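Pasting the structures in now, so scroll down.
Look at the two complexes coming up: subunit A is in both, with subunit B in one and subunit C in the other.
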Partner chain A sequence: MNSPFFRFLLLSFYSEKAKQITVIIFSIIIIFILSSVLFLSTSMHYSITEALKYQPDFIVQKMAGDRRVNISERVTDELIEIPSIAKVTPRVYGRYFLKPLGKSFLVVGVDFFDVQSHRGLEKIIDNMDLNKFFKRRDNMLVGEGVDRFMREHHYDNNMTFFTPKGKAITLHKFATLPKNSELVSSDMVIVPIDLAKKILGIKRREVSDFAFNVPNILEWEIVTIKVSALDYDLRVINKKESYKAYAEFFDFKGGFFLSIFLIVLISFSLILYQRYSQLYSTERRNIGVLRALGWSIKDTLKLKFFEALLVVFISYTIGVSLAYIFVYIFHAPILKNIFLGSSNIMVEPTFVPVIDIFLLSSIFLLYAIPFIASVIIPVWRISTTNPKEAMR
Partner chain B sequence: MNSLLLNTDIAIFLLGEFILWVVLLIAFGVNLYLLKKWDFHSYTNLQYRIEKLAYLIMVIIIFSFLMKFILLPYFVFTMDKISDIVPGAMCSAGVISFNAYGMKLFFIKMAILLLLMIWLMINHYDIEAKVYPWFRAKSWLFVFIFILITIELYWDYAFFADIDIHKVLNCCSTLYGLLEGVNPLPFGLDKREIIILFYMIYAMIISSTFGKQNYILLIGLILFIPIGYYSVLYFFGTYIYEMPNHNCPFCMLQKDYYYIGYPLWGSFFGGVFLGITAILAEERLKKDSKRLKYLMVLSFTIFVTICTFFVLHYYYKNGVFLEPVKVEMVM
Partner chain C sequence: MIEIKNLNRYYQVGKERFYAIRDISLSIKKGEFVLFHGVSGSGKTTLLSIIAGVDRPSSGMISVNNELISKLPDQHLSRFRNREIGIIFQHYNLLESLTVYDNVSAPLIPERLSLKEIDKRVKKSLKIANISHKANSIASTLSGGEKQRCAIARALVTDASIIVCDEPTANLDRANIDIFLDILKKLHKLNKTIIVSTHDPIFQKLDYIDQIIHLEDGVLVS
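On to the complex of A and B.
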């Protein structure tokens, strides 16, 4: 590593910047797109994993055919009798559609005086002033997205729901849920359990499903078997399965993107090959002069390769930084719809910056290997030019 | 198709390996051509052209060596990441032993890196010598390396395509654990002996390097491979995890242990590779390879320092050494 060599390298790179600029700009665009998508999917994967930590460990549902039906409240007692199970919570929830606007809320009924298997909800209720909440019988807690919706549509603090029987129930907004895991709770409306049953049209002795926790992870398998054995039509879902489903979903989207990106990458390589063949044909003279001055083939190869590496590093750094700004500071306008779907606009996630060295090396590998692989032959060809031939 | 192949990291890994293989295929073709036509004593135009082509092979091999060097830790990391998805496994130990390809793949990757390093060393002296005395030797070596890389590429694909994310894998504690009180150490050694051996062989390597005793150095290196591996697995590893019964070579590669496994294993295998390359250079090519040997000493010193640090750090914090607890099989 002799410093005159690097001085020469930088000087020649600078004096020929016009030639390199097209390649650099093109590379930056490619890296920018690639890393924005990878940043997005990693960040969303992370938030979902975080949100899942607060979910109950298990959910038991009753199935009829291929759909979930409401389940009798009595199952609680059977569940509690299984020794490893803690915090059995009957859950009441359902989608409430606002027909004219084509949007929906997730109405969740909660028994505020019972234990909660949802760890996030547990925290919220612990911090709440229940006395104040139950002063009025029509209070509700709303998620961030619902809150925004209400303000935008001038509902102020009251909102009217219609039950399936046609009765109107007006609810009063008590507070807005904290914003930490918006991907899961943004369109949620939390009300006392009886009110929720009325809004969703669920019978008095029935609930949507049950949630419970099993503190010892080693017992998860056996609990699944025991609960399934309670009745023939029960479906038991544990948290790890939903985690896997999410991971598979993001893998699928990421893989789908990658296979499309492959086409871009191939054309990029072809362009690079062309470009470098042309670029260097004008440079034969320079190489000839260097060779005549006593440089060996090894030296000229080194010079040209460091030039190519410099292009790689410059465009990599700029591309990744631009993507960082785009995703984490501007929250990836347009692009995020690929992952979220744009139908329910209420979900408005903020992306948590998740960056590790392996994500960066993924981007680097996916870009640097095709880049160098496609310029390797043109670079070699020009570096081994005969001085006599070149200066003729 | 296995949905795991769509996983971003695996897709990138396989794609990278594939592109490298394509570039190496070009080099391989050129290499065969050269082997057929090479005649250093002829003064034809062809021979001049051929000598230029030799540089192309060199450039391609340097490039693939660098990339394989990055891809190996990337491979380990990818396995760590899918161990989140696969039931049972908590680190790459379970994933790598899921099917027959895993360990084979790991060893072939190591062998390829070592051989590429030897190729680069021969090439360095070959070009320096001006008359290409080892041209045929290095060309045949490359033919062999390319065959290995082709096998590796197939195994790469087969390994990931074969992993079933719904099947339960083994955890590292069942693969490396000390259940049933069987002594897992080689040659019937116990822990105290293996630690004494560990430091003795390290001293032997250092002294034979500076005493220029290549054959003793070689013996030291060959002994250090199992002794180093087992002492990290069953002694130093427990101090990294600060758990007397946790024996796993892979868990230390995870974030929970600050990725300490990468420098640890990196410096260990780096030292072995550098040592073997240096001995070959001196004994077969009759060249002085002081720089490689100094790098080897540096590499082993980093390895031993990291290992020793964790033991001392633990002792400093707690005032005792770890005593393994005998576990009865519970299940």
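On to the complex of A and C.
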């Protein structure tokens, strides 16, 4: 260290190590909590947004008494007639309840020969050998949550489903869906369409709903009107509305996040206020001594600014790194329950590391500016008084 | 050369003014050894603080080495204190958690000198103050006499022309008082202006005192 100023700064910093370590530990805790919550919410937001990317542009459902009911496959022909609609895909899905255990799975029927219709699933089952899958007629793909459930309840690789008519269908677990898709696929059971229809009690000529794409976004409004006009009981949902629904759900969860965030900020502010209102008497005296020895107000402010910056830098680096490890390597134990607690099958997702410079800067500024201000303002107040007064 | 004319320092307590010093006028020549004498509360420490630039007068004029310090802005007053004044406080006022070496180097930091130059000056001051052997000791672990020698070294390190001492013997035993007086004598020989504020009668017996200024209730008596 060639600069006498920085040498003096480090010596003075080191000489008050007990005080500095206390401040650093406290700061690390605050930054750690803030960063963990922000990392977690950003990662979830990213995962949900990514999952929505693979959603079809439109979904058409048949409604009866404000409830979705199955729809005839014939509607496909009517939809195809409408110009601008690129491709219509019938979808089969529904909840399968395990009454004694109070759990439910999302059974999804997939036409594996029409992979383009299932862009999302195609991504999920990317690395699987589908030829092997079709060697058995009773194969299923399960989400991580279902896999865990099967292991916990000693199902091994086979699980029996009962159709609404009481007929038993035993399915064989072919593979588990990739862990990184767990946020959206945790409770999923993917089977061929015909099998799904049997399990869910859907008639042969019926499906759950239709999905289709309209490449030109300017035509979305007119397509909505045209599809709605096909029948009085059709409900047309476009991707923007799905985004909105997810956003609302996420905002609800965001309330918890906000609570934690506010609690941390309030406790941080209280401690800063305490520091602001009563600067340690030794620190006061030392500033007075330096001033008496010929240090100007600017010199003392510079010393204390760099001292605070050093605390901020150390705390920020350690706090953010610990939060990264906590969220992305240990998958945020305890904290994730706030966001994922309502799932009927516990989701244990792998959070995708999202490094957002804006987020990191926000954490830095949220912490650094109040902290440095809480150091500099009292130092400035002391420095501007007579050194004689400050030394008392 | 220090020139003081009609100097007042008062504190406003409610509607009342409390005068610490009132209407002081005096002059101190370069190289003089001056004693401010008086009982506690007589205003000698306040007068000393104003000369040292660590306090400002409420009214009146003070000029040190032709610099009108009562009117200087902070940046200039700080530089003035740094270059012209070496202060030895009654309670030493060391940075207790730093070493003797670092305490002595503290006044040189704003000077933007090289580490080598700082080292040279600090070692020289430690030697004059006879405290080199404690250079690496933490200030809080020193005895009273050692702390004072550290404070002397710190006062000398900027090669200030004026050394001001506030009740320098108040916390020292006889042996340390003798050491301190020896150092002051050496500094006087180096043509430093020395101003001591004290009520210790030992100073009045010194044969090298040029001027004794007696204060009583903030007023110059003789």
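Basically, the second predicted complex is superposed on the first by the 318 of 392 C-alpha atoms of A that agree within 3 Å, B and C clash if a C-alpha of one lies under 4 Å from a C-alpha of the other, contacts with A are read in each partner's own complex, and residues count from 1 in each chain.
Keep in mind that, in the parts below, contacts are C-beta pairs under 8 Å (C-beta built on N, C-alpha and C of every residue); 3 or more make two chains touch, one makes a residue touch a chain.
For clarity, every value in this text was computed on a predicted model and none was experimentally measured.
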Which of subunit B and subunit C A:D299 touches, first, second, both or neither: second
Subunit B versus subunit C as contact partner of A:F313, first or second or both or neither: neither
First (subunit B), second (subunit C), both or neither touched by A:F162: neither
Partner chain(s) touched by A:K388 [first = subunit B, second = subunit C, both, neither]: second
Touching partner for A:L290 - first (subunit B), second (subunit C), both, neither: second
First, second, both or neither for A:F134, with subunit B first and subunit C second: neither
Which of subunit B and subunit C A:L262 touches, first, second, both or neither: first
Touching partner for A:F6 - first (subunit B), second (subunit C), both, neither: neither
Partner chain in contact with A:F97 - subunit B first, subunit C second, else both or neither: neither
Contact residues of subunit A, present in both the subunit B and the subunit C interface: 297-298, 384
Residue numbers on subunit C that touch subunit A, as the complex places them: 49, 52, 54-56, 74-75, 78-83, 85, 87, 89, 93-98, 102, 105-110, 112-115, 118, 138, 154, 158
Touch list for subunit A against partner subunit B, complex: 38, 41, 240, 244, 247-248, 251-252, 254-256, 258, 262, 297-298, 301, 305, 358, 361-362, 364-366, 368-370, 372-373, 376-377, 379-380, 383-384
List of subunit A residues in touch with subunit C within their complex: 2, 4-5, 7-8, 11-12, 15-16, 282, 285-286, 288-299, 384, 386-388, 391
Touch list for subunit B against partner subunit A, complex: 3-9, 11-13, 15-16, 19-20, 22-23, 26, 52, 55-56, 59-60, 63, 67, 70-71, 74, 77, 81, 84-85, 87, 127, 165
